[in-house]
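Okay, structure first, notes after.
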Amino acid sequence: MDKKLIAEARARLYSGVISDVLDGLGNMQHAMAPNVRPLDENLVLFGRARTGLYMPVYHVEPGINPYEHEIALVDDLKPDDVAVLACPPGNRIGPWGELLSTAARARGAAGAVTDGLARDVKLIREMRFPVFCGGIGPLDSKGRGMVMKIEVPVECGGVRVAPGDWIFGDIDGVCAIPAALAERTVTLALEKVAHENTVREELAAGELLRNVFARHQIL
Amino acid sequence: MDKKLIAEARARLYSGVISDVLDGLGNMQHAMAPNVRPLDENLVLFGRARTGLYMPVYHVEPGINPYEHEIALVDDLKPDDVAVLACPPGNRIGPWGELLSTAARARGAAGAVTDGLARDVKLIREMRFPVFCGGIGPLDSKGRGMVMKIEVPVECGGVRVAPGDWIFGDIDGVCAIPAALAERTVTLALEKVAHENTVREELAAGELLRNVFARHQIL
Amino acid sequence: MDKKLIAEARARLYSGVISDVLDGLGNMQHAMAPNVRPLDENLVLFGRARTGLYMPVYHVEPGINPYEHEIALVDDLKPDDVAVLACPPGNRIGPWGELLSTAARARGAAGAVTDGLARDVKLIREMRFPVFCGGIGPLDSKGRGMVMKIEVPVECGGVRVAPGDWIFGDIDGVCAIPAALAERTVTLALEKVAHENTVREELAAGELLRNVFARHQIL
Amino acid sequence: MDKKLIAEARARLYSGVISDVLDGLGNMQHAMAPNVRPLDENLVLFGRARTGLYMPVYHVEPGINPYEHEIALVDDLKPDDVAVLACPPGNRIGPWGELLSTAARARGAAGAVTDGLARDVKLIREMRFPVFCGGIGPLDSKGRGMVMKIEVPVECGGVRVAPGDWIFGDIDGVCAIPAALAERTVTLALEKVAHENTVREELAAGELLRNVFARHQIL
Amino acid sequence: MDKKLIAEARARLYSGVISDVLDGLGNMQHAMAPNVRPLDENLVLFGRARTGLYMPVYHVEPGINPYEHEIALVDDLKPDDVAVLACPPGNRIGPWGELLSTAARARGAAGAVTDGLARDVKLIREMRFPVFCGGIGPLDSKGRGMVMKIEVPVECGGVRVAPGDWIFGDIDGVCAIPAALAERTVTLALEKVAHENTVREELAAGELLRNVFARHQIL
Amino acid sequence: MDKKLIAEARARLYSGVISDVLDGLGNMQHAMAPNVRPLDENLVLFGRARTGLYMPVYHVEPGINPYEHEIALVDDLKPDDVAVLACPPGNRIGPWGELLSTAARARGAAGAVTDGLARDVKLIREMRFPVFCGGIGPLDSKGRGMVMKIEVPVECGGVRVAPGDWIFGDIDGVCAIPAALAERTVTLALEKVAHENTVREELAAGELLRNVFARHQIL
């Protein structure tokens, strides 16, 4: 996707319209569960998914760097990439914090998404780096979980994300857009946004919903 | 309920005192589950319930307007009405958004409550329209859920709400007040509020809780 | 713990570093579940645990003060104490509100933690009294739950807390520090904080995570 | 309820017909959650509820008999009584076992119901004593839970049970019948059973459901 | 599918091999959740899905037959059909019982599947009619749930089932086979069954798993 | 542990008495969650834990044997070993089936425990091989989960199990006995069993529970 379309998506789109367009294209399974929330509701995230997959562990294995694959993923982030870290259910693991945010931003990454927990929330907010997470907690992943695979398909927030898919996140939630549909989705969404403004004005002027819907088929 | 009492309730009451009064009247099942939260914690909602009941669906039925009953409900809202949209458990359906808020406010509605998800959260907050919801998410209801009945008793946030019941919502949560108890509840709550101020002052002055409680029986 | 160390902990520490130090000391079970959140994310809580243990009840027993043990606990709070109220799972009970906050602060308490619900949230925030809770709701405990034991070991937010343990809470969550480890934990955490600043600067300057981690072993 | 009616209920009724009759009397909240199952699916339980209410505990309190109230409840059981032990959610407590079954049967009790766990399942089955429980597990309640109140209203399996209510349990589940409705429910249920036999025969003979239902209004 | 293949599937296949074949065909979402269990573990169910979709309701609507669509579905069952009744999560609705089983069998139906509850379990077992359900409970659906749509795609036990798909259920669980894959799945499964017998014999003779797996690629 | 003690444990002990003894030794976290049930309630399992730890995966990785570590674990089982396979929460993975049972028994293993699902249940029961599992389902682990570590501490059914710990399972559930306590636990349990017989006889003879408990301190 070219830089201009990326910039336009970040400036003008929102997750609701992305979601409607994906529905219209027959892709209904694209929205992460509602517990995956932005740390800062004012930030918009749009970028290419780079995935990491956690496994639960119950001890610190001697002689092993428990962060090995996680570090490799972050160090390899490219501009406009989004780190997507999928955790096992149960919310015991807090894989993302301020140091990883600092490192990822230094690589030009667009943000990070995890269905696990985040920590150092205050500092991440001060950085204005877009992080979406399944909750907040102080626990490090060491001795609790370990990234075992990177660059593989994962399920994050209940949605399949493959490396190269596109992630759109804002105050209303996070959508995963399959790579093959990404440009088309963004283009259609930009068109739809204009249309919704008309609908809003007609409703605000007091027209009945049934008439406005009959005219525009938008709700 | 006359306009003056409604206005006084909105200005001076809070859900905690409503809840205590309903408890005292023997109605213990009146508070929605704690996941039903206000989109804007500064707004107070008080009005008459107008109910809609969703069913889960798994496809878009050809030749049918999936929003038919929902549109009918919203177009028929009267001043001081509260749209109450009950969703099946599982939070897959996001029935309320900014366009419905705009339409409802144009009819004079007091606000909306759903145990499903809301979207377009930023715009709804800018409107300062009181919406309480079970979460936030981008997914439209089309192909996921459909209002099948309006003006029937529902369970929303785990609480039974019949059409004509009164809804009070604020930062502490949402209470459903049975129609038959509504005026009495508001009247008693207004009395109780005055009393609590005395208690607060005595405690702040350092009196032991046991003495203050013995005197006022309020905690 | 002397007053100076307490003050330093409140001023300079955060729950993430407390958690890492406890992990390093072999105590992995110290962080409350992520639903236990601060009412005010800007406040830090650090103090000695004073515990109360709720049981669910389903009626108001005649001739009994349902708040008896709760009142005894709050009236006996000493400066720097933290009221820790453990509720049964299910979030039906809202044990903490503004009047208890007022009473506790009048005794010099540092704050309160419950895995149940809190109410009167707006007033508590205005007081700037640190309260951490498992959710928000209007329901009083009378007829729903009753403190049956005080000064006993409890489980709050999934973590064992004994009377005399230390509680650290901030925007990232709540840790319980066993009494025997408290001073050591605080001392080690103060050392670690300094170290993290170096790491942050190196990452912000664009160094690869693998090099920074190899040098400092901090993530 | 006289002995004859009790015997007839045990011999001829089943929980489905009890449930339908209670529905018809406007009492819809009478069936325990489906995880409360009989240890022996061939046994029928019908008797008067004698209630005990557990609280969660997290240590063994020195100088206290943790079974005091539980023993008092069991030792006071009368013929045709049913011990109903309500546990906090979470299934950590296994309050019922073979020794309590032996003691209860020696007092003439009709059986026991708990939404907690049972143990010594093999021996209880060999006794053919009707026990319904929320699961099976080896854990004793000592140090985990303690009966704090007996002869009070409880919620067991999600249903309110007051002392003196009647409990009917069989392979299809457990119903709690409010004391005031008990005789009427049993009498109506005995009438309904006869009617259902006719319906079954007509359906087995191949009649369409719509015709049979139109005639009998039973499904 | 011709009668002979249906009979062979019932006689020789099991859900594990069906599941493996569907996996191999790239269809990974075919197994209902493990709480959907057979009432009789010795029975095998194989037939064409005829679907009904429940909505939750909270009162009995006057002047309406609450069973209308359910009756229509059952009365229209053809030989080898399987009634598939999808319920909202929460297990409050018990849509299937002995009278429906009797009516369905009289039409030649192969069995029934629901992710809701079943009742009259003893009588259904005596009939040896294959019923798979999400639990057991005495509650009728009247006033709790109502079939609103039949012959539409549903989600049952977490799996999408469209009318005309094939259902295979046995002691190990329930698989939904998309109509377009049904014959191919059965044919491939019949081939695979033979192969597994060889593997079993080699393992029982004490060969190492790694050698047997290397040879047959079956586990 | 010598062969004789192992045989005696299998012949005379049950999980309830094991659990009580571990409680008495201060080890309260030893019982797996109640959803971990025996496939055959008549079988007793006692042996040394050999552990495997699953991670969730969402695709089949090309060029990799997804069963590699699982096969290594099973092929290395020694007489009286118990395969303990820990799965991530969510029950998507069915790691144990009849072929693994056959292979494990050929190595002399005592049985298997998993908090995931089992399949081929009928054949496993016919083998009379003790398998305890978190549910039943047809899904193979390929493309859903993969053993990534063997011979490490795991959490299975919510309980920590280290390699070399002892597992006792029967109709009442599964206990994990830390290696260091194993012989002492078995010895004490054998003593306690004898004592319980006396208690049972006294209760069956009609003595009050309070007297019997006062005498024996066993319930």
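A, B, C, D, E and F are the chain letters, set down in written order, and residue numbers restart from 1 in every chain.
Here is the rule we go by: contacts are C-beta pairs under 8 Å (C-beta built on N, C-alpha and C of every residue); 3 or more make two chains touch, one makes a residue touch a chain.
No experiment lies behind these values; they were computed from the predicted model shown.
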| item | value |
| --- | --- |
| Set of chains adjacent to chain C and to chain E | B, D |
| Minimum number of chain-to-chain touching steps separating chain C from chain F | 2 |
| Taking each chain's C-alpha mean as its centre, the one farthest from chain B | F |
| Inter-centroid spacing, chain D versus chain C (mean Cα positions, whole Å) | 40 |
| Between chain A and chain E, centroid-to-centroid distance (C-alpha), Å | 36 |
| Mean-CA-position distance for chain F and chain E (Å) | 30 |
| Length of the line joining the C-alpha centres of chain A and chain D, rounded to whole Å | 49 |
| Numbers and ranges of chain E residues touching at least 2 other chains | none |
| Contact pairs between chains, per stated definition | A-B, A-C, A-F, B-C, B-E, C-D, D-E, D-F, E-F |
| Of all residues in chain A, those that touch chain C in their complex | 65, 67, 70-72, 74-75, 91, 97-100, 102-103, 106, 117, 119-122, 135-140, 142-144 |
| In the complex with chain E, residue positions of chain B that touch it | 53-59, 61, 88-90, 148-149, 152-155, 160 |
| Chain B residues within the chain C interface of the complex | 14-16, 18-20, 23, 28, 31, 33-35, 37, 41, 171-173, 175, 196, 199-200, 203-210, 212-213, 218-219 |
